[in-house]
Structures are given as C-alpha cells and as structure tokens.
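The structures come next, written out as structure tokens.
Two complexes, one shared chain (chain A), two partners (chain B, chain C).
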Partner chain A sequence: MARIDVRKTYKLYIGGAFPRSESGYSYEVTDNKGKFVANASLASRKDVRDAVVAARKAFGPWSSRTAYNRGQILYRIAEVMEDRRPQFEEAVRQSEGGSAALARGQVDAAVDRLVWYAGWADKLAQVIGNANPVAGPFFNHTAPEPTGVVGVLAPQESSLLGLVSVVAPVIVTGNTAVVVSSYARPLPAVTFSEVLATSDVPGGVVNILTGDAAALGPWLAAHMDVNAIDLCGVAGSPELATSLEVAAADNLKRVRRAPAAEPDWALDPGLSPMTAFVEQKTVWHPIGI
Partner chain B sequence: MGFEYAPAPESRSIVDIKASYGLFLDGEFVDGRGSSFKTVNPATEETLAEIAEASDADVDLAVRAARRAFRGWSRMSGKERAKYLFRIARIIQERGRELAVLESIDNGKPIKESRDVDVPIVAAHFFYYAGWADKLEHAGLGANPQPLGVAGQVIPWNFPLLMLAWKVAPALACGNTVVLKPAETTPLTALLFAEICQQADLPPGVVNIVTGAGGTGQALVSHPDVDKVAFTGSTEVGKAIARAVAGTDKKVTLELGGKAANIVFDDAPMDQAIEGIVGGIFFNQGHVCCAGSRLLVQESVADEVLARLKRRMSTLRVGDPLDKNTDIGAINSREQLERIRELCEIGEAEGAERWAPACDLPSSGFWFPPTLFTGVAQAHRIAREEVFGPVLSVLTFRTPAEAVEKANNTPYGLSAGVWTEKGSRILHMASQLRAGVVWANTFNKFDPASPFGGYKESGYGREGGRQGLAAYLKGAEA
Partner chain C sequence: MPTTAPTDPAPGLTAYSEVTASEASLRRFLHGLPGVDQVGAEARAAGLGTRSIKTTAKAWALDLAIRMVDLTTLEGQDTPGKVRALASKALRPDPADPSCPSVAAVCVYGDLVGEVKAIVGDQVNVAAVATAFPSGRASMAVKLADTRDAVAGGADEIDMVIDRGAFLAGHYLQVFEEIVATREACVRPDGSHAHLKVIFETGELQTYDNVRRASWLAMLAGADFIKTSTGKVQPAATLPVTLVMLEAVRDFREATGVQIGVKPAGGIRTAKDAIKYLVMVNEVAGDDWLDPDWFRFGASTLLNDLLMQRTKMTTGRYSGPDYFTLD
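The block that comes next holds the complex of A and B.
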C-alpha cells in the first residue's frame, strides 16, 4: 500500500513563531490550474496588530546590530534558501505555473538577490551618506538610519522573487517588516518564513501574514506605530492605493507608491528600494582644542 | 546684569516699501485677480503694505508660466544655469543690509539675526547650489539626472527669506522652475527677491511668486500641473498635503514641526551648555521648528543649570527688532502670540511652574518674554505640543537610557541636542536619538552643505547638502 504523505499546515509567521490566524479563518489556496493545494491562514486585523507589536519590539535590537552582522544574516538566508531550492521551485511552479526551468530561474534569482542585498549592508551608508564641509569649525556628517517598522504589501504575481525583492531591502537597512504576502500565491512566502526562522534572523524582524492586501492594507496603512509602507501589492488598483496613501498620512508614513503594474523583478533594483526606507541623520560637533 | 544700553537702531531708510504689491508672474509684477491683505510690522502693528492675494486663477497663471519656462530652463546647460544662481547669490550679498532690515521689519526678528544669520546663509545657499548645477551627474543620484518639472513651494513666516533660499536654490540648480508662496504675514522679502531675479535677468517664469494665505497654498499644491511639492510649516498642514497628493505622481518633501530635546549631562561644558540652551530656545523668539524646546537636564546638576539659566535669561534684551542690541524681537503675529499665551496658561493649569525674568515690553506690537517652566511632566501639553515661541519646558533625568526614552517620547523627530564632554556618550546618544539633526555641544547651527529634515511626524526629505538635490531630481531618493 502506498504511503500516505504528511501534509504541512501553512501558518502565519509573527515574532518568530508560527501561529494560526487568531481569527480562526483560513482560505483555500489552489495551484495555477485551480486544483486545491492547502488551506492558508487568513490573517486578520488582530494579526496585523500583533505583527506590528513584534516588529516594534525587534526594531531596537535589529537596528543596533552592526551592518556587518546584518549582512552576514542576509547571506545566511540565501544559504538556507539555496539548500531548499527544490522545495521552492515546486512551490513557485505550483503558484505561478510555467515550466520547471522558469521556476528554477525565479528561485535562482531570488537567492542571488539576497546575496546582492547582503553585500549592501555595510556599503549603503558609504554611498548615500557624506561628510559635509560646513563654513565653520564643526565636524558634520550625514548617514542613513532605518525608518522603523515598515509595512510591506508584497507583490501579487511574483510569489518568491518579488517577495524577496521587497523584503530584503527593508531589513538589510535595519528596519523590521510586517509583510502581507500575495493573496492567491501565498505558499512560497510561508516556506520563506520557515527559512527565516532557521537563518539567525531574530524573531519579529520579518513577520509574514498570508491574506488579502485589500483587507489588511487599510489596518497597516492607518497603524500609528508603523513608520512606512510599501504599496507594491496593490499595483493596478489605483483607488485602493490612493486610499492607503491617504490613511498613511495620519502619522506621515514614508510611502513607496504602488506602480501601475508589477515591475520586471529581474531588473537591477537600484538603490531606491533601500533609500525609500532610511532616514538621513546629520550630526554636528564643534572642533576645538 | 546691571548694564544699561543706549538705543542702537539700524536705520530703516535703506528699504523702500511700496504701498501695495502685486504678484510676480512670468518675470513681471502684475495685479492679482483676487482680493488683498495687509502685512504689518509685528513690533509696532503698523501696516507696511497691501499685498495681492492670489486666486486660483492667479495660481494657474503662475503654474502655466513656470511650465512654459521649464522647457528652456531645463535644457539650458548646467554651466549656464549655475551662472544665474551665482548672480543671484552676489546680488543678495550686495543688497544684504536691505534684505536684513526688511526681514526684521516684516518678521519681527532681531536685526543681529537677520543680518548675521538669515541673509548670509541665504547667499551661501545660492552659492552652494549654483555649484551643483553643472555637476549633477556626479552627485551619485543616477547616471542621467533629470529635473521633475514645476515645483510648488510653500514656506513659513519664521525664516521667510531663508526658507525661500532652501526651496528655490536646489530646485533651480536641478533645472526645475518654481511657483513659490511666501507666508501671509511675511511676504516682503520674497517680493524683493523677485526684484533680484529681475536684476539677475533670470528668464521669465523660472521663478514665480504668488502671495496669499492657506487657500492660495492649497491651490498651488493641488494644481494638477505641479510635479513637485515642497512645504515647510505645521505638521497638521503637512498631513493635509500628504493626503492631497495621494494617488498622484507628485514628489513631496515636508519639513514640519518639532519638539526637540536638548539634553544636558552632569559633565557638560557648563558655560557653553547655558549659551546653547538659551540659543536653542530663544533664537528667533523660539519661532524655530528645530528649537530646543524641551530641556532634559541630569538631576544632579539641575539646580545649578536652572540657577545659571535664569541668571542668563535675565540679561536677554527684548524689544525693537531693529536695535542692534536686541536678543529677542517681536512675536510674528497676534494669532501666534495668542497661541503662546494659551499654551502657557495651560502649562500653569496643568501644574507646571512658570518663570520669566522681569522685563519691560513695548506697549504696542506683539511681545512675549523669555519664559521657562519647571516641574514639567511628559504628559503636559507644553512638553508635547510645539509652542513655537520663547518658552522652555524643563524636565530631568537620571540615566542616559532615561534621557533617550524621554527625548524620543514625541511624535516629532526633527532635531536634538546633547551636552557632555564624553565623546563615546555623544556618539551613543547621537545614534539613539530619533531625529534628523543632532547637535552635540552646539545647537541651532545651519549650513547649506548640511542636510536638514525630520524623522517621524517632522516630515520627510532633506534640504541642504547633496541629499537636498534628491528632492528635485527624477528617480533620486537618497
């Protein structure tokens, strides 16, 4: 008799733990042919709030790590992902369809992107910060610091490469993240959270909620303890994006606006995914004997 | 103490204030289509001039003029644009005394500040950004940096000409054209700047100035053909602007309110610290978004600091802004004076103890003595809200961790001060304070090369320095 396989329960990832949604709700996830794959947790407003609390708690220690250490940890994420490539390839193919080669390409690019961002950890300040030659006897310099807790509405289509491309720049700069995954394609995000949990990423630095960006986005955008928001996940819904941007103004969140359509994630990201979520701090001190 | 000073007024004969002013559109002064308002000297309540209030139609004309001018200005080589900005910088220096006197008359700030701080930094700002105009591809902000288009800029009344320079200089250097709205109570130096643009032969439409109040500003920032909005002012209006531009492609920088902590440790260089505290809160009558309005003093030296601070405050001279010995000038408007009075009354009602030195205030005009509150709790409104006046709240702390906690306990995050002789503690504090500018063993220093701007609800984007270019170039966010 054939062995019956042991199926995985796909859960949320909050504060380093894997809870179900406190709401008790789940939703059916199908593969790209419409066949049932799993029930994913349907995150609620309360889950968003719990995730923000976890992210805020993690922000102080994470932002205080050395840039070198954050780079090491991002590289570790890449290593662990590389190790689980077949699993990610299957998850991406199941979610996005297409050939095995196409899925493999997505996973390769996602791992490579993590390695790329890992290297930025101890370089960004050197590229976008500067010494300022002021007209007086003062030491004066400007360097970037993380903005704080960043809400990330992850892309709906690119379930892994897109996800990694919006999460890595947020955390490599020292921010912590509350991520809402693709609604229809959430499973690679859940598997990614299992990688995070085993890659020396402190609990709470990345929190991943599976669910509906249109339902969760308003809570995240209006949350007064969230400092910034990436609206990528509502690309193509300009009215929703506008309402989220309006809500974000309540505490002047930094907003990375939604593009008209999902970008080509294979392109060089440039610096803007990182610079969108850093603050520039200028420090003065007199010079004297 | 005990010194008597004879009056030493700066002559106002150098300025020629017209009875009425129109708008500056497309290189010419024109009559507005809307109504008008008066600008007054806050030190005397004398009406200085009648100012046109730009209507929506006027704003539209200004934006159209800026759009027409954009084509030529943005295609002009950076080398040539630079020369216009250098010209403007030089004319500002040449007419420096005139600008300083006019600023003090319209704003109420002491002549020694307008003459020695505002106007020199204004000229320096144009010099600094002039030099960038032909070096943008080396700024590290992308390979082929391009201007955004028409910038709508709305500035406050506390540093009228300086805020104009912060907005106009980087915008023009990057190849944008601008429509600027000065504050309702302080339009005169902006209108004199328009004349300077004429003297510099700046192409028509590159700089347009629309005077007016909130409605004019609203029309400008929400105009569909404005590509960039730059605002300095209150957090409340900043939020309204952020909502107004939601869903558009407009790029926005907001430089908003603050409630800065000025932290004095027990090993601080005490003489400098006292001067820094005084300069931090009483500079420009406390009408400074980055003012050090919350003094956090280590408990062990609190009594000494307070005693010395009170002694120093007793020597501050409040009065005629044009007197060269004046330390604290006039409050900019009756409305602002009422707000300061109200918050101070609330401070007393909430249980804080109010102190001000004996001080003769002129009988007409808007005045408020340098004031401090002790026994202030973090929950008190005078410790949370921006007073925007010469009012200092004093709180104490025991440990560095407590100082950080209290300093960061505010929705604002514009600036902070730290006073200690211990280098490692300075760097630790500087890294922990959630504020865009940290002054260590100094306070309220400004320079065109030094980026300035806030964290959290103090706004976003930076003005000054290389970072200040990013606000006016496509795709640049550093």
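The block that comes next holds the complex of A and C.
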C-alpha cells in the first residue's frame, strides 16, 4: 500500500506560538510556474492586533538584554538555519524559481547576513554613539536605544534573503518586530519562523504573518502602539506607500520609506537598516560624581 | 440608586423568617438548595462566552461596562495622591473624549474615603472595603467599628468579607448574623444606609454548591450586592462562579420579589471578558440587571482596555497603552 504524505500546515507565528489566522481564512500558494504547493494562513487585522500585543510584551525583556546576548541569539538563528539548508533551498527554489545553485546562494547569503548582523549587536553603539565634547564641567554622551515595536512589510520578491535582511537589523538593536511576509512567496518565511522558535529567540520578539501587505499595512501603519514601520514590502506602489506614511504620521512613527523598486539584497546593506530603528539618547552627566 | 432602607422587610422575605431562626433550619434550607451541575455550569458559561458582539451593540456594551466599573485600588502602597488621581480618572476616564461616561464607583480602603470624596463629590459613589478586609479575621467588634468608621467617613457603599472559616466549618448562622450586624452598622444617623456588598471569596469556597449557599445566605441576611472575590486570592472571579450567583439572584427575586446586585471582582482584565459577562447577565438574570445599580465590575486594569477598545471604535485604528494613565 502506498504511503500517504503527511503534509505540513503552514501557520502564523505570534508570541512564540503557531496559531491559525483568527479569521480562519487561508490562501493558495503556488510555485513560480503556477502549480499549487500549499495553503498558507491569510492573516487578518486581528492577527495584526494580537501580534502587536505579543511584540509589546516581549519588548521590555528583549531590549533590556545585553547587546552581547542579543548577538549570541542572532548567531544561534544562523546556526539553526545552517542546519536546515536543504529545506530552505527547496523552499526558495520552489517560490522564486531558478537553478538549485541560485537558491543555494540565496540561503548561504541569508545565513551569512544573520552572522554579519549578530556581530554588529555589541558594536553599533561604538560606531554611531559618541562622547560629545561640551564647553562646561559635564560629561556628555550619546548612545542608540531601540525604538520599540517595529512593523515590517517584508519584500515581495526575495522570500528569504530579503526577509532576513529586513528582520535582523530590527531585532539586533533590541526592537521587536511584527512582520508581514511576501504574499506570493510566504513559505520560506514560515520555515524561518520555525527556526526562530527553536533558536532561543524569546516568543514575541519576531512575529510573522503570512498575508497581503496591502490589506494589513494600513492597520499596522495606523496602530498607535507600533513605534516604527518598514515599508519595503510595498516597493513599486508609491500611492499605497504614501497613504501608509500618512497613517503612520498620527503617532509620529518612524518610517523607513519604500524604495522605488526592490533593492539588490546581495549588496552590502550598510548601517542604515539598523540606524533607521534606533533613537539617539544623549545624557549630560556632572563630572566627578 | 435608592439609599434609604426599606422600613418593612419585603413581603416575600418574611416567608423566610423561619429559615433563619436557628442554625438547624438554616442549614436544612441551604443544604436543601438544588446542587450545581459543575460540568453543565462550566459548559453554559463557556458557550455564552462565544457570542459575537459587534459594531453598535459593542459600542453600547463598552459604554455600559465603563459605567459598571468599580475602579479599585486596594494596595498597601496606596498614597493619598495616587487615590486622588484614580478618583479623577473615575470622573473622566477618557479626558480626550467628553462623551465617555464616568465609572460607577471608586473602591478603596476605609481610611481613604475622604480623599476620594473630596474629588468626586456626589458624581461617583465611593465604596470602602471593611470588616478586616481581605481575610475577615478579626473580632466582631473590630469589624463593626471598621464598618462604622467607613460609613462615618462618607462611604456610599461598604464591601464586607464573610468569615470563610466559619462558613466552611458549617457555622452558617454565625455568618448570617455577622452580615446582619454589619448591615446595621451601615445605617447612617439620618436613617439612610450605605449599600452593603458581601464578598464571598469564591476562590476559597471550593465548590459551586457552596457559592450558591453563600449567595442565598447573604441575600437572606440583607445584602444589597453579592460579590465574588477580594482580588487577593486566585482564582478570583470566573464566568461559571458568576453564572451561579446570577442564577441565585434571579431565583431570589422570583421567590421574594427583592432584587439583589452582583459584582464579579478580580481577574477581569480585557474588554472582551467584560462583554462575555454582560452577555451572561442578559441571558441568565435578564436585562433588569444590565444596569450599574445591579451589576458591577470590580477592576482596575479593565478600565484602560475598555477605553482602548472604545477609542478603536471611534477612531477606527488600534490604540495603545501609551495613551492612557498607568494606575
């Protein structure tokens, strides 16, 4: 008798758990040739709400960990991803098409990118912070602090490298993230959430919703308990991006604006993905106390 | 809310005078009450919790829930300043929105009644916990003095605790007489009386049968409200416990014609929970109880969530805790 496959249910990742969408909806995910692959949960605005609550709850403990510890945890994510490379290669090739070698390159780059950001965890403050010379008997220094809960609309094209390249810089500095994955290519993001769940990342630090950035973006952008938003996922839709920026202005969210087109993720990202979501705190300190 | 004591006991209540005449008859009556089907009560409460309340009904329910809140602070660290801030919040829970109603009452320890009264005047009731709250472990003289103090201080409502030790030991008449005596201590010199809420601490009563017995005992003794918990013991208010108490007040009104209020307290933190309770009040006791005079929430953190949900309804976007006071 032929064995029946045990198929995976692709679910959301909220607060360290894998719930189905609150709405009960799911949608069909196809490979790049249009062939059915799986059903993914279609996140609703209430999943956004739940994810923000989870991210807010996780923010205090995560941001008060030492930078060194956060770096170690990011490095741990890279270790666990490395272990599951064949699975990621398969998922990336299925959703993005192209050769196996191309997919392997994407996965390698994603793991390397995590290691790169892990290294920055306890070095960013030295580079962008400062001891400021002032004309008075004071010691004055500036240091970066995490912004809070960051909404991330992940890139639509690059399903793994792009995702890692927008999530890692947000959490490495102590923020927590609510991520809306690529709509057409969500499966690598779901597998990535399984990696997060098994690599010492506290529940709620990263929450991954599979669904439509155009539908969920406005709720995330208008949410008064979200402190910043990365609009990368609506690159190429300037009108939508503008309306999200307007909604984000209500509580003075920091906005990382949508690029005109998705960037080449293989390039050196520079520091701006991290510096977009930190705030500089300057402290005046009387000398000698 | 009527604040004068009825001069004569309600006609339906006199039929029960024999029940409360002796320890033996009271025990016979309370143990003769039909038992609570635990699985059934929990399933019914869970089933009522699945009702979907949306749009205008939700807006109505949120406003009603705000009007039913007894905004509570019962900490050793309560300072006069903190209590005054809470009292101001009770008057105007959402300063950004004048259409937001006031809460029902502010619930504090007896010595802080004056602080609250100075802020809220007659616009919001002041409730004081008394009778050696929360344990109820003191002599009767001390408990009565505690109550008289709070009433003299201007409390509109007294939240008393029953002696759970005596109740669990089966000394029902002792508990009954304590409630009667406390009710007498609630009478003001002008003949009116402070409303008496009787706290059972259902988390310590062990069974739903005991909750039903305690409810009847307190109602026969003249409680104006029956209240689940002090908030100091886990579990505090739960839906099934409140269901049993709502059934008791419903049956009591059918039997005697006297309506008694219900107050779940402790553990109700979200607007969603509060709406579940309101659905249950409507389905079990009836819409006569959907009024701040007859149903209250003892809560502190609940109010902020109600306000956030209310803001979500009016602005169309999710609100956050940054925009409401920490208390």
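Here is the rule we use: the second predicted complex is superposed on the first by the 285 of 289 C-alpha atoms of A that agree within 3 Å, B and C clash if a C-alpha of one lies under 4 Å from a C-alpha of the other, contacts with A are read in each partner's own complex, and residues count from 1 in each chain.
Basically, a contact is a pair of C-beta atoms (placed from the backbone, for glycine too) under 8 Å apart; a residue touches a chain by one contact, two chains touch by 3 or more.
Bear in mind that the values here come from a model prediction, so they are computed numbers and not experimental data.
In the superposed model, A:W284 makes contact with chain B only, not with chain C. When the two complexes are overlaid on their common chain A, residue A:R49 makes contact with chain C while staying clear of chain B.
When the two complexes are overlaid on their common chain A, residue A:D250 makes contact with chain B and with chain C alike. Contact with neither chain B nor chain C is seen for A:F88 once the two complexes are overlaid on the shared chain. Comparing chain B with chain C, the partner in contact with more residues of chain A is B.
Within the superposed three-chain model, A:A222 lies in touch with chain C and out of touch with chain B [touch as defined at top]. Within the superposed three-chain model, A:W120 lies out of touch with both chain B and chain C [touch as defined at top]. When both complexes are overlaid on chain A, the residue A:W265 reaches neither chain B nor chain C.
In the superposition on chain A, A:N130 makes contact with chain B only, while chain C stays out of contact range.
Touching of chain A by both chain B and chain C, each in its own complex, is seen for residues 250-251.
Residues of chain A touching chain C in their complex: 48-49, 52, 56, 219, 222-226, 247, 250-251.
Those residues of chain B that touch chain A in the complex are listed here as 124, 140, 235, 238-239, 242-243, 246-247, 254, 256, 411, 426, 430-431, 435-442, 445, 447, 449-453, 455-457, 459-460, 462, 465-467, 475, 477-478. Across the complex, chain B is touched by residues 127-128, 130, 132-136, 138, 140, 142, 145, 147, 227, 238-239, 241-243, 245-246, 248-252, 254, 270-272, 275-276, 279-286 of chain A. Residue ranges on chain C touching chain A, taken from their complex, read 316-323.
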